[in-house]
Amino acid sequence: MALRGRSLITTQDFPPSDLEAVLARAKNLKHAQEYPKSLAGKSIALLFFNASMRTRVTFELAITHLGGTALVMNVGTDSWSLEHRDGVVMNEGKTEHIKDAAKVLSRYVDAIGVRCFPTMEKPEEDLADAVIMAFKRHSQVPIINLESSLYHPCQAMADMMTIQEKKGTLKGVRVVLTWVPHPKALPTAVPNSFLLAASQLGADVILAHPKEFPLPGKIVEQAQGNAKASGRLFRIVDNQPEAFVGAQVLYAKSWGSIGYYGKWSEETKVRTNYGIWKIDEPKMRSIPEAIFMHCLPIRRNVEASDAVLDGRQSVIYDEAENRLWAQMALLEALM
Amino acid sequence: MALRGRSLITTQDFPPSDLEAVLARAKNLKHAQEYPKSLAGKSIALLFFNASMRTRVTFELAITHLGGTALVMNVGTDSWSLEHRDGVVMNEGKTEHIKDAAKVLSRYVDAIGVRCFPTMEKPEEDLADAVIMAFKRHSQVPIINLESSLYHPCQAMADMMTIQEKKGTLKGVRVVLTWVPHPKALPTAVPNSFLLAASQLGADVILAHPKEFPLPGKIVEQAQGNAKASGRLFRIVDNQPEAFVGAQVLYAKSWGSIGYYGKWSEETKVRTNYGIWKIDEPKMRSIPEAIFMHCLPIRRNVEASDAVLDGRQSVIYDEAENRLWAQMALLEALM
Amino acid sequence: MALRGRSLITTQDFPPSDLEAVLARAKNLKHAQEYPKSLAGKSIALLFFNASMRTRVTFELAITHLGGTALVMNVGTDSWSLEHRDGVVMNEGKTEHIKDAAKVLSRYVDAIGVRCFPTMEKPEEDLADAVIMAFKRHSQVPIINLESSLYHPCQAMADMMTIQEKKGTLKGVRVVLTWVPHPKALPTAVPNSFLLAASQLGADVILAHPKEFPLPGKIVEQAQGNAKASGRLFRIVDNQPEAFVGAQVLYAKSWGSIGYYGKWSEETKVRTNYGIWKIDEPKMRSIPEAIFMHCLPIRRNVEASDAVLDGRQSVIYDEAENRLWAQMALLEALM
């Protein structure tokens, strides 16, 4: 496997066959009576620049289930604030350089997980995924992406596992990723990684969002390339009715657009007009064969109604559960 | 046992015989050479909305001693802020609904511990114990109360164990719970649960507080009902001299009263007048057979003098230690 | 060993032979195939009043590697804020007394690690190492210093191990501890403990700093006493060129001086003039036999240049790694 001993920044770095092998292993682990002690004697540091619930719990648990040791640290409060720019004169706020943190931790642990959301202020830094790439550049052990500025590959793997579980396969399944309303402008890591993984693994992908909320061009191009390579569909539309036709999976997620960096009050006004993108029962009834997915946390009755989330088509808790199994399989593959 | 597989919100939900069995088991564990691996393969998430020292350490340790995995999380910093009201449109501050957090965690762990102090602002919410009850409503695994708005059953069980240890029994032991001064208005969970458990287990209970600081009526009624059921004493008095007569246990604790919600400056003035309720050596000498108890943390020389806390009648460290043993026994009973 | 069952506040409390035994054991552990379960069944609480990266990770890992249980707690956020002054009336900000915290934790765990930086406001408190000494006074189990106001003995032991590793011995090795620039006035614990341990273990010690930045007199006297006892050199100079002659070890560290307490704006002005004390390549080339050491975190291109830190003389990552091995050996010796 190409994954062995490598850093996991985005699924796009690995061939679909590797991802499929991980999904198969995740399914086995989910139904296993006992967990193999695949990480016995191994330690993994989990660094959180941002809050986390599912990722934190499932990584700590996945590592422990496999017999390893998880060390959880909130960056900047538990530990020092971290500078990512190489070569700078560090006479301002940041206390330690990621170069040193990564090289030091490499002496202690066998892998380093990093959660680092985008700044939502500096487009170049965010598009370069500057923080996690600094870790990757300087670490001597694999870096595992726990959601970076651009990618959330572990979420995407759990999402793919869930679709496979519910639809029997990913090949040719019609998945619709739709923008939904939210009181805040959110990162794009989840939709980016969903698009990439789904197109890598042979789903037909429809992306729906108001025209003001495109995903990063580089991601869209990669997803288009994936679709072309596997002979599958990749389309972008600017309305839900067109997108929903024939949907077998409806993936709801909100995000802000990089075009509004530095102009958030303007974005808020635009966003306010798109309350109609909320997912409600009539919409779900119009696609009776579709499962409803969301990575959580979700703003209930803003992104989707209680009735949808608690309804028969919703698989949000299976999806959250699969974080654990997908990550156990990923950890086994990486280490 | 009625406890098996249930949530532990308040001791009042369980028959005294169950509580007695837990106390007997706690005593055995305290004197055991080795701990049974009763929680092997089990994981428990411990969610803290508020600070904790004893509860945090003893739960993490109790779980580990019994072979289980403890996952500790500070809500709102480590993880997302949580909404408890069902059906609301979540377009304000709270990021995730307890419904989703509880249902997701139920997929990962075998029980969820929750510490959630009262708001001290919204009387209805606090009297309904809204946050922990939301967890109980939505969780598919047992909820363990690590101190909620209304109850602190694990503290109460350690308190009962300590009285039994020092006095040989709980039946007919004369316990006095007295309000003491404090620079802040505190929650009532500890005195509430102490009253309930002591009256459930057959102690004679005297409650002493300035007339402005009644405990919640519902709790007092339950304690009265318990006393009646077991044919024991339950009395409320508004002064210490009357309360202290014949005391075998003096339990000191400060609390604010729900009557002052929204009027805390007024409460501060009233509270200031009651410095005389502090426990000092002369008071302890007047009840030479009594042990002195407090749940800690305590404001030294405000609630009670150093001489009392460090004196021969004080059992505060035994009481704190018993948190560990009582909780190990509770965990075994619940899971 | 004198260390057994004792608190580790400063290396100065123990005979050099004990420290040497620990270093020898650390070296063995570093090259061991497997770790002995020396802490099986033991638990250690790690209390952090301040941020930490290396200390936190290596202690948690050292304890886990040796089969013990580590309980990590941030004081004042995870747990209550702590008062250290005996006898005070606790009606202000602090919620719990260290007396109670230490005595309670002594019932739960087998040792307590404490990180407590100086106030940088109250010279008497800082020079008395008031917080950690309160823990030592009240605890019934060993206290392990994770960096206090005055000392960082675990760092010093890792430093000594590193010198021994790189130079074959500590006896007669010429070590130069030099002040370097930094945007903030830092504590003196690291240089204090380095001076003490190096002089205890027979190195020749040169201390270089601008005349405005002396280390605490008591520490300097102890180091002088150590040097006299072992017949080694201890000198203080106020410039780098004189200090660097014949250096085999260059230890760079910044610190503020107690003389500036309450006058930090004045100190900032003075400090700004000493940018020339930064370590750069020409300086390192002038002492080609010397290794470059720093405890980290380091302000790159302020304290020392990237070229020095990443250059062939730098041993900063070995030094950081040795924290783990030195602490495993210390834990074995103490418990």
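We just call them A, B and C in the order they show up, numbering each chain from 1.
Keep this in mind: contacts are C-beta pairs under 8 Å (C-beta built on N, C-alpha and C of every residue); 3 or more make two chains touch, one makes a residue touch a chain.
Being a predicted model, the structure only gives us computed values, none of them experimental.
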Worksheet, complete the sentence: Common contacts of chain B and chain C, by label, are A
Worksheet entry | Degree value of the rotation bringing chain A onto chain C, based on Cα positions, nearest 5 | 120
Worksheet item: Any idea if chain A and chain B meet via the same residues, over half in common, or different ones?
Response: different
Worksheet entry | Whole-Å gap separating chain A and chain B, where each centre is the average of the chain's CA atoms | 40
Worksheet item: Where in chain C do residues touch two or more other chains at once?
Response: 77
Practice prompt. Would you pull the chain B residues touching chain A in the complex into a rising list?
Written response: 43, 45, 69, 71, 73, 76-80, 83, 86-92, 95-97, 99-101, 103-105, 107-109
Practice prompt. Would you pull the chain C residues touching chain A in the complex into a rising list?
Written response: 48, 51-54, 56-58, 60-61, 64, 74, 77, 183, 296-302, 306, 309, 316-317, 320-321, 324
